[in-house]
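Two complexes come next, and they have one chain in common, subunit A, joined by subunit B in the first and subunit C in the second.
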Partner chain A sequence: MTLEKEQKKNNLDKIFEVIKTMASKPSGLIGLSILLFHVILAITSPLYVPYDYKAIDPSLMLQAPSSEYWFGTDSLGRDVFTRTILGGRTALTVTFFGSLIALLWGGSLGIFCGLVGGKIDEVVMRIIDAFLSIPWILAMLLIVSLLGTTTLVLIPALGFFYGKGIVRVARAATHDVIAKDFIVSARARGHSNLSIIWNEILPNVRDAIMVEGAMRWSWMLLGFSSLSFLGFGVSPPTPDWGLMISNARGLMSFAYWAVLAPIFGLSSLIIGINLTADAFAKALGIDRSTKAPV
Partner chain B sequence: MDSAVQTINNLTIGFTSQKGKQISILKNISTTIKKGETVGIVGESGSGKSTLALAMMGYVKHGLYTISGECLFHSNNLLEMKNKDLENIRGRKIAMIPQNAGQSLTPNLKIGYQIDEALKLHTDLKKEERDKKISELLNKVRLPSPEIMAQRYPHELSGGQQQRVAVAMALAGNPELLLLDEPTTGLDVTTQAHVLELLNFIAKDTGTSMVYVSHDLGAIAQVSDRVIVMYSGEIVLDGPVRSILKNPIHPYTFGLLKSIPKLTSPGLPDSMSGSQPQPGTIKTGCSFYERCNFAEDNCKNNSPNLEYIDDLNTSVRCFKYKELINVKETNLDTVKSINNDVLQNEILDISKVSISYAKQKFIDQLLNKIDDSNPTVQDINININKGETLALVGESGSGKSTILKSIAGLLKTKDGMIKFDKDKVLSNDLKTRDPGFLRAIQLIFQNPDESLNPNHTVEEIVSQPLRLYFGLKGDELKQKIVEVLEKVRLGEFYLTRYPRQLSGGEKQRVAVARAFAAKPDIILCDEVTSALDVSVQAAVLNLLQELKEDFGTTYIFVSHDLAVVRAISDRVAVLYQGRLCEIGPSKNVYQLPSHPYTEVLLGAVLEPDPDVKPKLVAEDIVEEKPPEQGCSFQGRCPRILGDICKNEVPPWQIGENGNSIRCHIKVEDLKKQQNIN
Partner chain C sequence: MLLLVLKRILLGFITLFIVSLITFSGVEVLPGDACTTYLEREAYGAALEACYERLGLNTPAYERYISWAAGVLQGDFGYSLSGEMRINDVLGPRVKNSMVLASASILIGIPIALLLGIITALWRDKLPDIIISTITIFSMTIPEFISATLLILIVAIWLEWLPGIVIVPTGVSISELLPNIILPVIAISMIMTAHMARMVRSSVIQVMASDYVQMAILKGVPYWKMVFKHVLPNALLPAINVVALTIAWLLGGVVVTEVVFNYPGLGRLVIESISNRDLPVVQALAIILASIYVSINLIADLMTLMLNPRLKSLQIKK
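And then the complex of A and B:
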């Protein structure tokens, strides 16, 4: 076996090792299973939903759960079970790509600031602070009402607002390694800044940034659902948990099932992501209990 | 029964590995600490010496547990005691002095308050009595003006003074047993000698038993009555200090003593091969078997017991100790002399270099000018010849690393210039410096844990300079990496290893390989051996010397350890507060007459010989800043002449042995003064 192949195998081994460590604790195993369940459901659910999610039938309004309609029906007579298992699709997609964007821009800006330091760092961080002081939901509402509620607007907008925190984490992680001699050594050899970031800093801050990104994912999910709840997320009749909760909450006193099902979907996914992120951090040797999220 | 303070019986401490296997860190330790006795515990990192010292306080680190045995303080087993009962013993009966006092003192409480706290906890004195006691304690540890000292915060004291405060706090409860964990490691040579002298005085004065844990045989020799040598969690040798250090009858101690560079014998010491086995790896046989020069088949299969030898009053764990009894002491001094052919061929010319850490004002920044009348490093003139090893020595704050950094281009110089290969001026700024010059000058750092990227394999680490400077790729690159690794005695097998999988010595070899991969003309070595164990240090020094002979590389070697410098360098420059004091061929600098500062430094060096005591000529004051005018050493000089030293920069004079000394005192007078004393 050549050395390159061996190294690739080593990398694969490492990923398996991390997943194995995550699954070795009950909380990690539960988190991973919930997350996996949601992802599979999101991908495959259109293949086996029992009813059409947008089929309105006034004669079936607000039926209680039965063998025919497992989770009952909503105020427009739509099957709640169908809408619930489909309702995570948009949320998962939007927040997954949103988190990726947040990771990318937050991570790179944070590393850059940590590396160059000085005036540039100072200015950028103050701008980030200024953004942190703006209530994100107001800013989001403004963006969405100006640009519309398509996923192409939501993904970058959410990615931007949730990346601010990652900038701080990435910058702090970079500061931890920047004074180490191996960076000094690379500088003295004459490597370019880009090469120092890519070869020396990134492998050392990657774990911290990835864990932060995983945490941000669950927060973003909550944020996205809040937007939908307020009517600024996906537009009806697309099934979405936030929207479903919003529509059904007025009827909660006599049709609790129409609210309960999407709440269960949303909270289980958030718990799943949180548990996974925690187990991920522990498997990588990062203790989140000692480092408060910024 | 002799009044034993502490008795340890068959103590085994270990942990359970992830695979559920029980692994011992300490194996069957039995020893007794008598009243008024000072016991030194020596061993390399990982030998279990700190675990043993903590067990003596009844403390076992988290994750470890006692497998068997007991640790009796008088007749109470500390390891089975309840925390509440332990509180009455810790601090009152047994006190501990940690390695880094600067970190163990609370930074935002005054010294007096912290000692008062210890007194409140451990004694029943009233407020007025305690106040008196604080002054008394500070006096005892010889801190000047105790009343003022008590009002200071830890950061206002020097490292040596902080260590003294830690000693004072430990003495607050009048302990019967004092545990010291590497108390002088990290202190400057002169400070170290002073602290050791203080400890000796306290041991005599108070009759306290002491356990002194250290890797430094020199320090152990100065304070201990008895020495315990640990290896891989076992006691391998236990006996009176003289017999252990003068006629070591265990092959490990024998090798260890041979690998320490000494002031009295120039040249490189012998190195020991291999490294200490990791806990849990040894199955049968003697744990030292792999590294032992005296080993035979018996040692591989059977592990020796600790055997008590009556004549020598010593216990030893070796089958072959009888052979070693007869080895004469003189054989210890078989050092390889080094003979470098230094051509009078200048490769680096440092002229009138000054370096300042002063913050630039905004306007100065724009004009790219540094305004500082009293820079950290000033007026350095050194020429370095091709193939030479030049050492820069001095205590912390002497500017030796600063000079190294500015040669590497990491720090801008304020004045002066550095010329490479006779006439090529090196740019002040890393960004504008010619890549060829960057390649020609490589750095090796003190601590390989920090200088190697923990997330890179050895292959990636060594490939960096090869890719950057020579653009190598693919098989050619791989081949070259293997070639370089072989030069530093590491096989192909290391390519896929990560730094955390290597021992300290192996890591430093990788760092050396990375520097040599660039085919440099000059290698800057910044304290390259001070983070390593003694036996490994010798191996790295030998490796550097061999590589130099092969490649004709020039070394600039920064160290605070005068014995190491003596072993490897051709020429030595002594620095104090960023100013040169003395420069010359190393064998001449190490001979008196010399600059008073060199004299102070040489006097403070600790030899691993209880009969050679350090000479303490000057007070251990630490100066924050170089003086505004006059001689840099005026504040501490034991031979100060008067106003002339305070007002005028001393002239360079040629010393008796061909070394240049920068002092107002005439060489003849220096000679007289230094010979008389």
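And then the complex of A and C:
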């Protein structure tokens, strides 16, 4: 077996190891199962939805849950069960790719700042501080209202705004390793900065950054659903939990099922991601319980 | 010491300066401006020119930034687009309403958070901790609009105890406002309390494991005396900063909560001004909310500094 292949096998082993550790505790197992359930549901649900999610039928308005319509119907006579099991698709896609973007740019800028230090680092951190002090919701709403609410706008915008916190984490993690002997000796061996980042720093800060990214995912999902709820996320008639809750809210004294079904969907996914992220952090030996949600 | 305080204040102002640059250039770079959104389809030819002339949008961007920033420094945010009201008059009552909501939530939230945090830490992994921690984690992770909607559904619709939404005009007095804010305050303080209680919990647990507390236990200091004299003063100090960050972070969540309860505060103004594309008001809101964030952090930093003599000789780095 060549060295590279062996490396790959080791990486795979490590991933399995981490997942096993995560699943060994009940909270991690519950989190992983919920997440897995939602991912499978999001991928496969279009294959078996009982009704058309956008079929409007005034004669079926606000029907209570029955054997025919499991979760009842909404104010336009659409099947709530159909819309609920489809409702996580956009949210999961947007926030997954958004988190990836956040990880990539936040991680690389953070490592870069931690490595170069000095004036550049100072300036970048000031700008990050300034961005942190603008409420994310104001900035997101402004961008979305001026550029539109397509996923092509939402993914980079969310990715950008949730990445700035990762910059700090990556920078701090880089600071922790930068003075260590192996970096100094790599420098002494004459390795380039790029090679030091790739071979020495990245393996040591990767865990911290990935844990942060997993946590950001759940916050981003929260943010995305809030945008949808406020009417600045996906556009109707696309089924989305945030939008469904906002639409059904006005009539919830008559038809509570139309509110409760999407609430259940969204809450379970967020709790699932949170438990998974916590278990992930614990499996990698990182304690996040003392940190503020910034 | 004084130098350090001054430096922190200066850094705060630098941050706000960058915020003003970001919001100004953000509005500048994004497509569409005040006149095209105000005039909508009639935005061409003479009408557009006249509008630019009237709002002074003909001058170069840096000149407008300077005159705008000079106004802001004197506490004048200029005129809003819709209704052509002075932004200060629009903001005034909203700021007051939001302050009432925020202070009520903080006043209720902090003592409960301290109590819950200490209880969960002292009875760690026992029944009280498991019950309280499960509830706090739930209310932390669920989005604000869901917990607020559920509150309305249960308390206002099913139990019919309280009105579900706030129906008051923007400019009411505080005494008229107070009876209306019970549900919004519960919704906000529930999430805030949960966050803070978690911080206090982990902080107390850390201190309980420290050498000097172990020492006190070995010396035979009575349990409760140890808790109050040795643990709490040391545990609550680091919590101040985190609590401040949590409060500041919740500013974003308050926007959503205010919309759910139809509460006439700054949060709803954010949504209204963005829906109307009232960019001058959006800029003003960004500056105000950022100032609140920066000053909460500054106060927390200074408080930690005052209360912790060890830090006075050290330099605090963010």
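Basically, the second predicted complex is superposed on the first by the 283 of 294 C-alpha atoms of A that agree within 3 Å, B and C clash if a C-alpha of one lies under 4 Å from a C-alpha of the other, contacts with A are read in each partner's own complex, and residues count from 1 in each chain.
Keep this in mind: a residue touches a chain if its C-beta (ideal position, glycine included) is under 8 Å from a C-beta of that chain, and two chains touch if they have at least 3 such contacts.
Keep in mind it's a predicted model, so treat the numbers as computed, not measured.
Participant: Determine, under the contact definition given at the top, whether A:M252 touches first (subunit B), second (subunit C), both, or neither.
Facilitator: Touch partner of A:M252: subunit C, not subunit B.
Participant: By residue count, is subunit A touched more by subunit B or by subunit C?
Facilitator: If we count touched residues of subunit A for both partners, the winner is C.
Participant: Taking the contacts subunit A makes with subunit B in one complex and with subunit C in the other, which residues are shared?
Facilitator: none
Participant: Touching subunit A in the complex: which residues of subunit B?
Facilitator: 408-410, 430, 433, 435, 438-439, 441-443, 445-447, 450-457, 459-460, 464-465, 468, 478, 495-496, 514, 518
Participant: What residues of subunit A sit close enough to touch subunit C in their complex?
Facilitator: 126-127, 129-139, 141-143, 145-147, 218, 222, 225-226, 229-230, 232, 242, 245-246, 249, 252-253, 256, 259, 263, 266-267, 270-271, 274, 289-294
Participant: Inside the complex, what are the residues of subunit C that reach subunit A?
Facilitator: Subunit C residues touching subunit A: 14-16, 18-19, 22-23, 26-27, 30-32, 137-138, 141-146, 149-150, 152-153, 157, 195, 198-199, 201-203, 206, 241-242, 245-246, 248-249, 251-253, 255-256, 259-260, 270-271, 274-275, 277, 282, 285-286, 289-290, 293-294, 297, 318.
Participant: Taking the touch rule as given, give the residues of subunit A at its contact with subunit B in the complex, in rising order.
Facilitator: 3, 6-7, 10, 180-182, 184-191, 195, 199-200, 203-204
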